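Each chain carries a letter (A, B, C and D) given by its place in the written order, and its residues are counted from 1.
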Amino acid sequence: MMNRINQKLQEDKKLLSIYFTAGYPNLHDTETILQNLEASGVDMIEIGLPFSDPLADGPTIQASSTQALKNGMTTEVLFNQLKDVRKSVSIPLIIMGYFNPMLQYGIDAFCKKCAEIGIDGLIIPDLPVDVYNEQYKTTFEKFGLINVFLITPQTSVERIHFIDSISNGFIYMVSSASVTGSQSGFGEEQSNYFKRISNMNLKNPQIIGFGISNNETFTQATTYAKGAIIGSAFIKHLSKEGVKETDSFVKSILNKT
Amino acid sequence: MMNRINQKLQEDKKLLSIYFTAGYPNLHDTETILQNLEASGVDMIEIGLPFSDPLADGPTIQASSTQALKNGMTTEVLFNQLKDVRKSVSIPLIIMGYFNPMLQYGIDAFCKKCAEIGIDGLIIPDLPVDVYNEQYKTTFEKFGLINVFLITPQTSVERIHFIDSISNGFIYMVSSASVTGSQSGFGEEQSNYFKRISNMNLKNPQIIGFGISNNETFTQATTYAKGAIIGSAFIKHLSKEGVKETDSFVKSILNKT
Amino acid sequence: MSYNINEKGYYGEFGGAYIPEMLYPNVEELRQNYLKVMAEPKFQKEFKQLLKDYVGRPSPLYFAKRLSKKYNTKIYLKREDLNHTGAHKINNTIGQILMAQRLGKKRIIAETGAGQHGVATATVCALMGLECIVYMGEIDIARQAPNVARMKMLGATVVPALSGSRTLKDATNEAIRDWINNPVDTHYIIGSVVGPHPYPDMVARFQAVISEEIQWQLQEQEGKTKPDYVIACVGGGSNAAGAYYHYLEDTDVKLIAIEAAGLGVDSGESAATSVLGKEGIIHGSKTLLMQTKDGQITEPYSISAGLDYPGVGPMHAHLYKSGRAQFISITDNEAMKAGLELCKLEGIIPAIESSHALAVFEQKKFKPNDVVVLSLSGRGDKDLETYINYFKL
Amino acid sequence: MSYNINEKGYYGEFGGAYIPEMLYPNVEELRQNYLKVMAEPKFQKEFKQLLKDYVGRPSPLYFAKRLSKKYNTKIYLKREDLNHTGAHKINNTIGQILMAQRLGKKRIIAETGAGQHGVATATVCALMGLECIVYMGEIDIARQAPNVARMKMLGATVVPALSGSRTLKDATNEAIRDWINNPVDTHYIIGSVVGPHPYPDMVARFQAVISEEIQWQLQEQEGKTKPDYVIACVGGGSNAAGAYYHYLEDTDVKLIAIEAAGLGVDSGESAATSVLGKEGIIHGSKTLLMQTKDGQITEPYSISAGLDYPGVGPMHAHLYKSGRAQFISITDNEAMKAGLELCKLEGIIPAIESSHALAVFEQKKFKPNDVVVLSLSGRGDKDLETYINYFKL
């Protein structure tokens, strides 16, 4: 059976993927958010497993993680919340989190649990490619999980090819050198970068993340890439409007009314 | 003509000498204090020329010097106040002061002025014996001024003999190792010291100063020495009772009523 | 068994470079160049010269007579407190600023706890005319005010870290974020033997001058290059790494690492990583760290800003796990007492970090003939207010 | 003409021992013994060893590249700021504490202005286990708070001087009074080349290690032992005396003395003794001092507590009068600016006293090939608050 991510990537459309931090704004919002997002037409979701020291994240996601932890979110709690998620949600689900909480859970146990629940992939910013390859690849594959790798504007051509060669699913293309949420729009530099990568004709499609916050940036990103991921902008929306109003956010991104 | 100090020392009695700071408590108290002291039966007076940094003096005399300077006392002013002192005061008068103000006035001019006024001697705590001998002795002698030297409990026997040999008038015997005003009575140590010096049978009589504050200490001191000098205790009295009441102070020291 | 780093950047099972891809080019550039650059004669010459003429090295190895007498053993203090800026930290920043120049960097960032590393970084940036941004926890900014003032005087920008425990760990997060945001022109001068490979090794090599000097200084004074013990406090572990470095593989020399127990190892207010920590990832390195069962990093506590860190460098994790070094925890109270004792016995006011190391003598008995070298990592000027308030002087 | 002291204790017409008889035995004991004791090999060995292992000497002679470039001349900084306790003062207190031990003294007193000498004295007293009382003007206690804290940590008793200008002059008076009151067991460690003979000479000899080192350090770096200029700030004059010492009789080497002009030489708020002073007696020595026409000593002013003194040592009075040294006055503002400049250009925060010396480069032009050695007498840690407030950082 093909992984849901790969299935989704075969669809002839630009994909919208949304990130949110599990346990934020309230501990038990996870399921509601997942269902609402799917209902609004989102293609894929990254569920953030909060971490105390999210060093690749900007202030918005960092604050949501702190709040989620305060609310009582733990790996255990999250897995419990997701236990029956596949009864109501069918789009690809990715858990995004830092390596240490997973390591403490036990990588094998963690992957096993993900598989049971129906998680399709993982994004682990601080798990380096070589360590993954040497130590964890077989485990991930055993449980049918896709590990998504990142590239950035500074990633060398060579390394992009290497990452492409070992990737499955898609490449997470960081829009600019920055932690999450720190850009407000894309300029020429980014367009050139998007074009450059697009022209490389990689084996794996790319989904662009970091700095996408509205229809304009979504459109810019997906002109060159298969899709785009929104994180901070959605967290901001959540903190202002709460979980009920996610539909309007997604519509505004897709410019549907 | 014999210097008034030497004359006084020949009298067959124990001598009471009083120190006060010129210009204290008020700028123009000098003459009144001098006259009152003589009237009360004091034998000799040290007139303090105030100095900004009286490093051999304790807090009482230091404070009186600061006040005197604030009141406007200067070398010039003091000499003016004393201009006609010999019309009303006949006991020996000694100017006691630090060397720098005299140096700035000019030692020759200073001595000349003293002689004109009828000052009999000088006590200059920070003018060392050897400097005096080499540089200023002839000037002092030319103007008939006695320079009084100090000895302390730490002064070696040799040095005492040396100081005795070059002294004229009396030796100022510092009662104990201390700045002025810091002792409250004499103990065995001091008595032994007084006896020791007395037994040396020096050429010059000794007058004891520092720490004499009442009849008891005056009596103790004069048991062994020719006389005693009171400073801080008199300044304290002045600051409490003012210039009018000096008589009662002197009487209390001499135990006369 | 080797106690030094292996080719892959690990000390035993600890170390590595657990970094986001955004940092890969920077860290990789450093990894590929650091040994090469450090081996250049010109680099070595410049480094050595600055250590001598600017930092004031060699730092003395001082035989502490009265302290030795009190504890009936032979105590030598390695006087890193006498270095320019007042701690061992500058050995590393001198090295790294030269490295940054070689790599063509124009902008320097750093994290700091006690402020010593921040001052040392601001100092070398002024010396080289480079821009300097220092991240410092809000709590540390308050308790190490003199060092904040010094950084400002030196022209550095001090940015408060407002998240988490608002101490060293969080300042490090902020510095890493800055580096992610500025990947081209910026060099991140990490202040201890922590962070992703090659930082722990590079910093240890720059600090190794400490034990290099101890060897010949001890030869001069004791007629032998090896002490019986080397003792150092461990925050991240850089002064310890420097003091141990040339003795790492020589097990005749016993190593003692002193950690901050805060209010007590079991009080919940502690920074004693070896006792309380478990293997995990912090700031790009696999090491021992204090964390919840769940893998969330714990907020540490110590009266000493420089030891108030929930991890240790991977070298130290390895030294602990392998038993090569003995780890001893010292409470706030024990450290403060030992610090005051050094003032009174030897006329040296130690940094509170170093006071933790000094407290070893109340915990462990040494033999009269033992030669004990203790790394006096810094001076206490930055800690005066803490001392004065503590002792109500 | 000789610029050193003569047998009678005078530099030219300046010097001597204008002391009350109460001090005669103490001063005489010292006078008779100081050269003899200093000449003892055992004394020399102990002194040198402590300077090396405890103080951290030699202090570097650091070629200040960026400062040199800015002023287009060759500037070397003699890094007394790197000494233990942060200034040159400790060279002298180490010497005097050994002297006091030889003389069997058990109790040590000192005066202090900037607090550096007080700290240096408290330090050596702790080192030797002797009681220590430090007199310090009430105003200086307020403006040099870190040093007051350090003295307390070191176990010294700090006694405020409440009279006069409540600065260094008055602290000195109080110390002398204490000595008069305690003539047997007490040694008075004077902190500069002031006071009655033999103090100026003894202190100069202890500080002479500065120029002794400059000679060979310059040989190493410039291939010659003589600089073209030696520059130092002058409070009492001890760091200057030490920096000049071995060059005093060699008129190829030009000497520059920097005095504190406060708000301006003619402002009434100044401490520029050479310009404003006249011959007179202060603290037992004939020298230049600021005084009224009447011979009352004037209250000086400088932003720098260590230069806020109405006199200079007799050596400097002689150097001034004979023209051997050039005297330059530097205002508060000029000094503060120069201090900040050193921070920004060289990463060194100087004591405000030393900042006065640094301001010379804005006042006087040197030739590109001139070798200029400047005594960086102390570090600025004690002055951080003053700097920060002044520059509103």
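Points worth noting:
Note that contacts are C-beta pairs under 8 Å (C-beta built on N, C-alpha and C of every residue); 3 or more make two chains touch, one makes a residue touch a chain.
Keep in mind the model is a prediction, meaning the values are calculated, not measured.
Shared contact partners of chain A and chain C: not a single chain qualifies. Common neighbours of chain B and chain D: there are none. Using mean Cα coordinates as chain centres, the one most removed from chain C is B.
Chain C and chain D have Cα centroids lying 35 Å from one another. A straight line joining the Cα centres of chain A and chain B is 96 Å long.
Here the spacing of chain A and chain D, counted between their Cα centres, is 66 Å. Those residues of chain C in touch with two or more other chains do not exist in this structure. With touch defined as above, chain B holds no residue shared between interfaces to two or more other chains. Taken as a graph of touching chains, this assembly forms an open line, each chain in contact only with its neighbours along the path. Those chain pairs judged to touch are A-C, B-D, C-D. By the touch criterion given at the top, residues 16-22, 24-26, 163-164, 169-170, 173, 176-177, 180-184, 278-284, 291, 293-297 of chain C touch chain A in their complex. Taken together, the chain B residues at the contact with chain D in this complex read 51-58, 62, 66, 69, 74-76, 98-105, 125-129, 131, 149-152, 154-156, 159, 174, 177-179, 182.
Taken in their complex, chain C has these residues touching chain D: 52-54, 56, 59-63, 66, 79, 81-84, 86, 122-127, 129, 146, 149-150, 152-155, 340, 343-349, 380-381, 384-385, 387-388, 393.
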